[in-house]
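See structure below.
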Amino acid sequence: MEMWLKEMQIEGAAMTYKVKETLVRKKTQYQDLAIVDTDVFGRMLVLDGIVQTTIKDEFVYHEMITHIPLFTHPNPKKVLVVGGGDGGAIREILKHPSVEKAVLCEIDGDVIEECKKYLPEISCALDDPRCEIFVGDGIQYVKEHKNEFDVIIVDSTDPFSIAEGLFGGNFYKDIYNALTEDGIFVAQTETPFYLPETVKKVFNDARNIFPVTKLFMAAIPTYPGGYWSFTIGSKKYDPTQVDTTKIPELDTKYYTPEIHKACFVLPKYIQELVK
Amino acid sequence: MEMWLKEMQIEGAAMTYKVKETLVRKKTQYQDLAIVDTDVFGRMLVLDGIVQTTIKDEFVYHEMITHIPLFTHPNPKKVLVVGGGDGGAIREILKHPSVEKAVLCEIDGDVIEECKKYLPEISCALDDPRCEIFVGDGIQYVKEHKNEFDVIIVDSTDPFSIAEGLFGGNFYKDIYNALTEDGIFVAQTETPFYLPETVKKVFNDARNIFPVTKLFMAAIPTYPGGYWSFTIGSKKYDPTQVDTTKIPELDTKYYTPEIHKACFVLPKYIQELVK
Amino acid sequence: MEMWLKEMQIEGAAMTYKVKETLVRKKTQYQDLAIVDTDVFGRMLVLDGIVQTTIKDEFVYHEMITHIPLFTHPNPKKVLVVGGGDGGAIREILKHPSVEKAVLCEIDGDVIEECKKYLPEISCALDDPRCEIFVGDGIQYVKEHKNEFDVIIVDSTDPFSIAEGLFGGNFYKDIYNALTEDGIFVAQTETPFYLPETVKKVFNDARNIFPVTKLFMAAIPTYPGGYWSFTIGSKKYDPTQVDTTKIPELDTKYYTPEIHKACFVLPKYIQELVK
Amino acid sequence: MEMWLKEMQIEGAAMTYKVKETLVRKKTQYQDLAIVDTDVFGRMLVLDGIVQTTIKDEFVYHEMITHIPLFTHPNPKKVLVVGGGDGGAIREILKHPSVEKAVLCEIDGDVIEECKKYLPEISCALDDPRCEIFVGDGIQYVKEHKNEFDVIIVDSTDPFSIAEGLFGGNFYKDIYNALTEDGIFVAQTETPFYLPETVKKVFNDARNIFPVTKLFMAAIPTYPGGYWSFTIGSKKYDPTQVDTTKIPELDTKYYTPEIHKACFVLPKYIQELVK
């Protein structure tokens, strides 16, 4: 049977994936959740029709959204992930021995449950004793915590979704306050190729709040355009000035100490968005 | 009318583009040639069903396949492009004032004619007096020229096509001989994500012939996986050791002197292919 | 190159046809017009994205919309086709020796021109001296002619298009008046499977005006649901009471005298729409 | 999530259905079995990628493959269905009060089980005490029964599948022998539009064996071409000579006594296949 998942990446360009099996599909309280098994990318988490993560290429996103801030901070002990219910970010965070606690604040408990069941390669660390799971609204959670986290990672769906409130200045102010005095914030901030204005706006929002703000890129095959931006906002440390010779060996497939620097070198058309 | 171009990027994953207009479609002596106008990427050259280049993202490929070798060589005067009938590489090459002659050796004259007609933004430099066009077999052409070119660029279709002979050791030996004593060779060498073995083999073939061999990457939205490899083989100069402070300002949208270095920094899974 | 025409037959079910060549595509004054050549159905006329007629299966529609009324009327001399710019209905009408004049009233002159150019198998009779072409509004044309035509055929696009005014009671009254005292009207009236309410409404509108009103069906592969309805309204003759033994042999591929009767025998679910 | 089932109806023309849910998908001993829920046709049984039956249009096929032979035979008591694991034919057969026993001989027990579970509207009569289910090879079953059935219905998948042996003269001879002396055989025999040669061959195979052989048609939206042929072979009774005034009222949505006759009236291009 030829069953195809169709993702309209942008009006007029759609990616289609041959599907072997639909493992789960349900309307959760917040979104249309599915986990499907595909020929090319293995199992995929799909929220509201958008591919979030796949067994075959998840490593790029999860390594880059975590190791860049965690190796920028000299001693991250307490880390918060807003969103990220698949657990991939938590898995990478807990590779850092300094981390004592990694809090996952995911609004949709079904994402966590289904990923635990069907994507164990990604969600495996959610049962780690250092991981604390809080099912609830990230905006509220961040508001209620002050001066507490060394690193806050916003691992959300797109801004035109339930995650809308996780993009923009108001939320970033609360994040600033929830961070310790040398804390670091990072968020996935969409594709500069298809959505340059979004990248620009979000970056400027962050820059108005954080003394150090940088954009870095990673090549993710299943994300529209294949090249994804992340915005990092830092109170003190500059991620591009890290002494990479001191970064310890980590079990990764994308991240390397050299990539830590190179990912901040932007193609000219992206550079111009964040000038 | 909903007309969609479907490109099977790999068995089980297809990209589809909404098409506004088919400007030309013909069987040439060598291949199925089409130029179509799409909603998202503007006009596209499609050969044997594979998207070769588009108005919207062609700059990435054409800048990276040319400026990396041309800024590695201190004084490139004579440059050969094998393939590249769309003229994009020639356009970038002729931005270098040192270049006295840029030869285009394209086997399929129809590609040149149709791109001149329908893709003037890309083919515009084919009429430059410094450009010499030779319609014929690149393998033969390279065999017949010795010690002549400072830079040879292999801007071909995929290895599973009429371009098969443009990949691999035999051809690279002839290229080596066609280069001057400090000459540099570069080729597009496919996607490490989908075709790791191809990247590995081609890179090793080049490494067996050239004293300096490196892989570099560029993020090209319309290419499968979105992240494309290029192999550079050099008799003398190391492209990663270029003094980028001396690179003059050029009118580009992707390439920058900083990208010149950063593009050689490979994600770990790609690094391991070329160890 | 894999180029596919996608026709959304109904929200959630789309037919896709592999396209070899796009012969013409233009925005006319009224609609998006295309003629494409497909692997399976040969050349197709596509208006506003909807397949209107194809070389391979056009015979069904054109034979049935014409021979049913023309063999019901004992001596049709003057026939009007509203719409039908491809010329297929005219071609069939002129197979009837009694016909002295067949008027084509098509609003979109481009349809006529392009079909003459690219669909000669269908449009061939448009140059017949008995055919008179009038490019203009069918509603207006019908209003301005009284007691003139023996048969009026409404060969239009769907009611959710520029053809909207060609469906419904107001237009049918004018048709009634434009017919001679024993005149017959026929129209294509959509798919009872997907659009039962449309069939029902249109049929009732006709029944309120014509003494004899009947629905007949034909199996047309490229039309949604594959089974198409036609409504016939007649002032005097009952199409189901024709003495089929007197129908002369005609060069057809679908219509036969036996089909003339059988096509009025409706499956129960369709019968119930027109009770 | 946009999930689409793609059925290649013939090379170059594919029907696609938006899928809400995949209820079951498994490799059985014989085929790839799926039951999916679609937006337009409700639940569908799909075998080896081919749509077999859907909640929305199954009535056409199941009524026509059963009531034509059962109302042709004056007193059918024992009926065999070869294939038909979904139970739709059995459901219709058991509407005939004369029937004492309806045997279902389906090779793939999984089809029966899954249809019982997910398609109760179709499979509902499989639990009727008059229905006897035999899971096994229809060819063998028919060989082993002589002079036993009043009606045998071959409700199989396409001839280019595991059902290959259920088409053609050898099997029809065994069917002839398994029928009582006034028995009637019917089979689904594909689309005359796309596969005229198949229809012709199968019909001729039947005609070589049965004194009375006829083709009849039904309009089935989800079958390729939308218009499906059935071949009936009869030892004694002519299905076109039935006294339809004596056919009792039955709860149907497609079949009527008038349709019983009209379905044998063939369009000319189909008539010519069975001359």
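Lettered A, B, C and D in written order, each chain numbered from 1.
As a working rule, a contact is a pair of C-beta atoms (placed from the backbone, for glycine too) under 8 Å apart; a residue touches a chain by one contact, two chains touch by 3 or more.
Everything numeric in this text was worked out from a predicted model, so none of it was measured.
Listed by label, the chains touching chain A and chain D alike form an empty list. Path length between chain A and chain C in the touching-chain graph (shortest route): 2. Averaging C-alpha coordinates per chain places the centre of chain A 33 Å away from that of chain B. Between the Cα centres of chain B and chain D there is a gap of 57 Å.
For the pair chain B and chain C, the distance between C-alpha centroids works out to 53 Å.
Here the touching chains pair up as A-B, A-D, B-C, C-D.
Chain C meets chain B in the complex at residues 1-8, 19, 21-22, 25, 32, 34, 36, 46, 48-49.
Considering their complex, residues 10-18, 38-41, 57, 59-60, 193-194, 217, 219-221, 223, 225-227, 252-256, 258-259, 261-262, 265-269, 271 of chain B touch chain A.
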